[in-house]
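Two complexes follow with chain A in common, the first pairing it with chain B and the second with chain C.
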Partner chain A sequence: MTQPILSVRGLNVRFRGRGGGEVHVVRDVDFELAAGQTLALVGESGSGKSVTSLALMRLLPGEPRCRIGGRVLLEGRDLLYLTEAGMRGVRGNEIAMIFQEPMTSLNPVHRVGEQIAESVRFHKGLGRRDALDRAVELLELVGIPDPLRRAQAFPHEMSGGMRQRVMIAIALACDPKVLIADEPTTALDVTIQAQVLELLRDLQARTGMAMLFITHNLGVVAEIADRVMVMYAGRIVEQAAVDPLFAKPLMPYTRGLLGAVPRLDIFAKEKPPLTSIPGAVPDPAHPPKGCAFNPRCTHRQGGLCDQRTPPLEAAQPGHDVRCLRWREAMEAA
Partner chain B sequence: MDQPLLEIDHLSKHYAVGRSWLGRGGGLVRAVDDISFVIQKGEILGLVGESGSGKSTVGRMLLRLGDQPTAGRVDFAGQDIAPMSQRQLRPLRARMQLIFQDPYSSLNPKMTVGQILEAPLRIHGRGGDRAARQRKVAEVLDLVGLRPGHAARYPHEFSGGQRQRIGIARAIILEPDFLVADEAVSALDVSVQAQVVSLLLEIRRRMGVTILFIAHDLAVVGYISDRVAVMYLGRIVELAPVASLYARPRHPYSEALFSAAPVPDPRANRQRILLEGDVPSPLNPPSGCAFRTRCAYAIPGCAAARPPLAELAPGHFAACIRPELELRRG
Partner chain C sequence: MSEATLPAQPIEDIAPAARFRAVRRFVRHRLAMVGVVMILVLVLGSFLGPHLYPFDDLRIDMRNRFQVPFMGPHWLGADPLGRDLMARLMTAGQVSLAVGFAAMILSTLVGTAIGAVAGFYGRALGGALMRFVDAMLCFPNIFLLLTLAAFIQPGVWTITAIIAFTSWMEVARVVEGQFKTLRERDFAIAAMMIGSSDARIIFAEILPNAVAPIVVAATLNVARAILLESYVSFLGYGIQPPLPSWGNMLNSAQQYLTSAPWLAIFPGLAITAAVTGFNFIGDGLRDALDPRLDA
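Up next, the complex of A and B:
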C-alpha cells in the first residue's frame, strides 16, 4: 500500500455520563487511509461511526465532557495535539466534511455562492471577487446547471440534491486531501443518491482525495468503497477490501447485516426468507461483557464469548475479524 | 382474495399555494392527480415513490386524516368515505389504522405502554372492563413479540425497533380491516428492519389485515408486498404484481428507480441509468406524461396527452405510450 495520508491509531472516545460515570463510545479504533482510496465505515445507529468522524475533526466537546485518546496522524502530524487555531487551518482545508442534512448545514440567510467563497477566502486568502469566481467554478464542478445564476440563490430555493452538491462544493473548495462524508446520501431520494455517488466517485478520480465514507447502507458501501470497516458497539469488528467482505464475510454480525438487506434481484422468483438479527444494538452505557455482539449471536458459546473480549485478528491477509469463533461460524454457514 | 376492500376512483388532492391576500396569483399543487386503483382484501399493496410523489397524501386520504380529497371516491367496504364528515367517519375509524414512521415522536412519553395500548379500546368502547382490556393488551404485546410485563414501562425504556412494535400493537389492537404503514421501517436499523417486516407479514397471516405499505425503498417494498404501485408527481405510473414488476418493469421511471437502488454486491455489473435533474415542480407539471422531461425514451407524442394506465401483461399496468420498450431491472 502507498503511504497513508491519514492514520488513526488506538482512537478512544469517552463521554462523561449523567451520573459521573463514563460512556466509552469509540474503542481502540485503528485504520489508515491512502490518497485516492475510499474507506467505508459501516454500522448501525449507536455504533460510534459518527463520533469517530467527529473525533478526527476535533468537533467533539472538550474535557471534561469528552475524553479522546489515541493518535490521529495527518501526514505525520497528530491532529489531537494541534492548538484550536492550528486545527482551524486543517478543517475545511486539508480535511473537509459533508453531512447528512444539507439544509441544516447551510446558512439560510446567505447566498450559496458566498458560503462557498467564505471557505476559500478564509483558507486561501482570496479576495471577494476571486473567491466568488472560484465559487462559480466549484458549482460547475459539482454539476449544478447555470452556476453563475445559482451562486446567487439561497439554500431554500434549491432541492435537497442541489443543496448536497453545494455542500460538496464547499467541502472541495480548498482541494482537501481527505473528505469525510457522513451519511451524505441518506436524506436523498434514490435517483438523487445515485447522482451524488456518481459525482463523488468522479471528483475523487479527478482530485485524488482520500474519502472516509460513513454509512449504514450496505448497498451504498458496495457502490463506492475500496475497503470497508464494520463497526459495532464502538469497535471495529471486521475490516477487509470490499469484494471479500461482501463475498465472504467472517464476522457473524456482518453476515447477519448482509442477510437482512432485501435484494432487488430475488423477487422475480420465490421470495427467500429475510433473516434478521434478534435483539437490538446494545446501550453504549451498558455494553455486554465479552464480545459486544454475543447476546445477539447465533454462534455464541457460553463461557467463552460472554467472558473474553475478542481481539481483532487477521483471518486472511488484509481481512481482520473480531470474533473468537469465526472459524466455527464459517464452517456452519 | 380478489374481493376489494378499497376501491379508489379518480382520486385527487389539490392544494392552492402562494396566493396573495387579495386572492390573486398563486397556483395549484396537484399533490395527487386523478388516480384509480383497488386494494384487495388481505392484500399488501406497496406504494413507492420519491419525496413529493404524493404517496403519503394518498395514505392519509384513504384514512381520511387531514383534509378531504378534492375529487374522487374512496370506497371502503362498500361506502364512499371521501365526502364523509368526521362524525360519520368515527364508527369506521376503528377499522382503519395508521402505523407511523417515527417510533420516537409517535408515542406519548408520559404514558405507559399499557395506557397507550388501552387508549384505542377505551375510545371506541371496546374490550370490556379494565381487566378484560388489560388481558387484550397482554395478548397484543405477545403478538408483536414483546412481553406482557412491558405494559408497565414507558416508551423511553425501549429501543427504536421495540417502539415500532408498540406502534404496531396500538394499530392492531382494535383488529382493523385496513392498515396504512407510512415508511414504517425506514427509520429503523437494517437488522431491526427485517424483524419488523417479518412481524407485519406475520400479522397479516394471523389477522388477514389489508395493508397499504408506503415506502421509498424498492427492496423492502418488494419483500413485503403482493402488488406494487409506483408513483411519480402525483400519478400512478405503474401497478403490477411484485414478480412481474421486478422481473420486467414497464415504465421508464420504474426502470430508473430500480437502476438507482444501490445493490449490496460490489461485483454487480451495472449499467446505471442516471436521471438528469430533479423532479419537476408539481405546481407546473409537464404536459402529457409527467416523466417525459427526464425520460431517456421520450418521443414527441409523450407531450400530447397524459397516458392512461394500460394492461401490458396480466395484472401489470403501466402509463406509457411506448409499451414496446425493453426495460431492465438495473
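Up next, the complex of A and C:
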C-alpha cells in the first residue's frame, strides 16, 4: 500500500451516561486509507460505524460526555490534537462528508448555489461572485443539467437524487483529500443509487481522493469498494479486500451478512435460502462476555467463545479476522 | 468558466412557491386583513393626520372647553382646556405606536439573542438562561413594570426599555425551542461538516428557518407593549403629560368620566383597535406561516 493519507490508530470512543456509567462504543479501531482508495465500513445499525466517522471529524460532544482515544493522522497531523479553529479548517476542506439524507441536509431557506459557494468562500477565501461561479462549475461536475439555472433553485425544487448531487458538490467544493460518505445512497431509489455511485467513482478517479464509504448495503460495497471493514459492536471483526471477503468470509458475522442479501439469479436450480442473523446487536453498555457476537453465532463453541475475547488476527496477508474459530472456517471453505 | 456569471433575474421564474403560498394564505385570512386595515388607519392617521387636520394638539381654546363631539369646530370634541381631542389622539397615537414598535424590536432582539444562545448551546448555559426566563415569567409583569417604573425617571425611552425588559421572555422561549430542534437538523450538522463557525450556523443557517414563529411572537408583542404602555401611563407612571399617550389621556379623563365620557371613550377605542388589530395580524401570520399547511 502506498503512503496512507488517513491513518487511524487505536481509536476508542466512550460515552458517559447520566449516571456516570461509561459506554464503550468504538473499540481499538485501526485502519489506513490511501489516495484513490475506497474503504467500505460495513455493519448493522448500532455497530459504531457512524460514531467512527463522527470521531474522525471531531463532531462528537466534547468531554466529559464523550472521550475519544487513539490517533487520527491526516498526512501525519493528529486531528485529535488540533484546536477547534484548526479543526474547522480541516472540515469541509481536507475531509468532507456526505450524509444519508439528502432531503434534509440542505438548508431550505438558501439557494443551492449559495450553499455550495459558502464552503469555498470560507476555506478558499473566494469572493461571492467567484464562489458562485465555482458553485456552478461544481454543479456541472456532479452532472446537474442547466447548472446556471439550478444554482438559483431552492432545495425543495429539486428531487432526492439532485439534492444528493448537490451535497456531493458541497463536499467536493474544496477538493478534499478524504471523503466520508455515510450511507449516501440509502434514501435514494435503486436507479438513482446506481447513478450516484457511478458519479462518486468517476469523481474519485478524477480527483484521486480517498473515500471512506459507510454502508450496510453489501451490494453497494461490491460496486464501489477496494477494501471492506466489517464492524460489530464497536470492533472491527473482519477486514479484507473486496474479492476475498465476498468469496471467502471467515467471520461467521460476515457470512451472516452475506447470507442475508437477496439474490436475483432466477435461473439457479437451487436457490440458497435467504438467511437472517437471529437476535440483535448487543447493548454496548452490557457487552456479552467473550466474543461480542457469540450469543448470535451459529458456530459458537460453548466454553470457548463465551469466555475468551478473540484478537484480530491475520488469516492471510491483508485479510484480518476476529474469531476464535477462523481456522476451521478456512478449512471448510 | 467565464460564461458562469449569473444572469440578472432568473430568481423570479424559479421563485419559492412556499413563500407565495404563505402570502396568499395571509391575504385570504379575513381577520388578518381587518387587522391590517385597522393598523394602517391608526398609523396613517397618527403620523399623517396632524399634517392634514386643522387643529394643533397643544392649542388651548377656552371658548370650546368640554365641547361635545360633532357639535362644534372640534371633530371629536375638546378637553377641559379646550384642546382638540382628535389632534391629541393623533399625537398620542404617535407616542403609543412608537413605544409599542420600539419595545417590540427591543424585546424581540433580546429574546432572540438569549433564546438562540440557550437553544444552540443547551446544557448548563442553556439551562441557566432558561431558568432565568422562567424566573422572569413568574413575576406578574404588570407589577414588575410598575415597580421598575416607580424607580426610573419616566420618559419615552425608559418606558420603552422597561416594557421590553418585561416582555422578551416569550420570544426567548419560542426561539429556544426552535433552535433546539433546528440545531439537530441535518443541514445544521452539514454546516458544521464544512467547517462553519458557530456564529455562522446560528445566524445564517438556523435563524432564517426560525423567522416565522419569531415574526408571529413579535407581532403579538406589539399589541402587548401598547397595552402595557397604556396601563402604566394610565396609572401615572408612564408617559408624562403634556406629552400625550393613549394611556395618560385615559388617566386625565377619569375625573370627567360622567360629565365628559368622550374623553375616555376615544382613547379607549384607539387602544382597543390597536391591540385587536395587531392580534388579528399575529393570528393571521401564525396561520399563514404554519409550515404544516405546505405539505
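Here is the rule we go by: the second predicted complex is superposed on the first by the 322 of 333 C-alpha atoms of A that agree within 3 Å, B and C clash if a C-alpha of one lies under 4 Å from a C-alpha of the other, contacts with A are read in each partner's own complex, and residues count from 1 in each chain.
Criterion: a residue touches a chain if its C-beta (ideal position, glycine included) is under 8 Å from a C-beta of that chain, and two chains touch if they have at least 3 such contacts.
In this text the structure is predicted, and so the values were computed from the model without any measurement.
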Partner chain in contact with A:Asp28 - chain B first, chain C second, else both or neither: neither
Chain B versus chain C as contact partner of A:Phe246, first or second or both or neither: first
Which of chain B and chain C A:Ser276 touches, first, second, both or neither: first
First, second, both or neither for A:His216, with chain B first and chain C second: first
Contacts of A:Arg91 with chain B and chain C, given as first, second, both or neither: second
A:Asp175 touches, of chain B and chain C: first, second, both or neither? neither
Touching partner for A:Asn107 - first (chain B), second (chain C), both, neither: second
Residues of chain C that touch chain A when the two form their complex: 1, 4-7, 10-11, 14, 16-18, 185-187, 189-197, 200, 204-205, 208-209
In the complex, chain A residues that touch chain B: 44-45, 145, 159-162, 189-195, 197-198, 216-223, 225, 242-243, 246-247, 256-265, 267-269, 271, 274-278, 280-281
Touching residues on chain A, where the partner in the complex is chain C: 57, 59, 87-93, 96-97, 99, 101, 104-110, 113, 118-119, 122-123, 129, 132-133, 136-137, 140, 148-149, 151-154, 156-157, 167, 170, 173
Residue numbers on chain B that touch chain A, as the complex places them: 50-51, 159-162, 189-195, 197-198, 216, 218-220, 222-223, 242-243, 246-247, 256-268, 272, 274-275, 277-279, 329-330
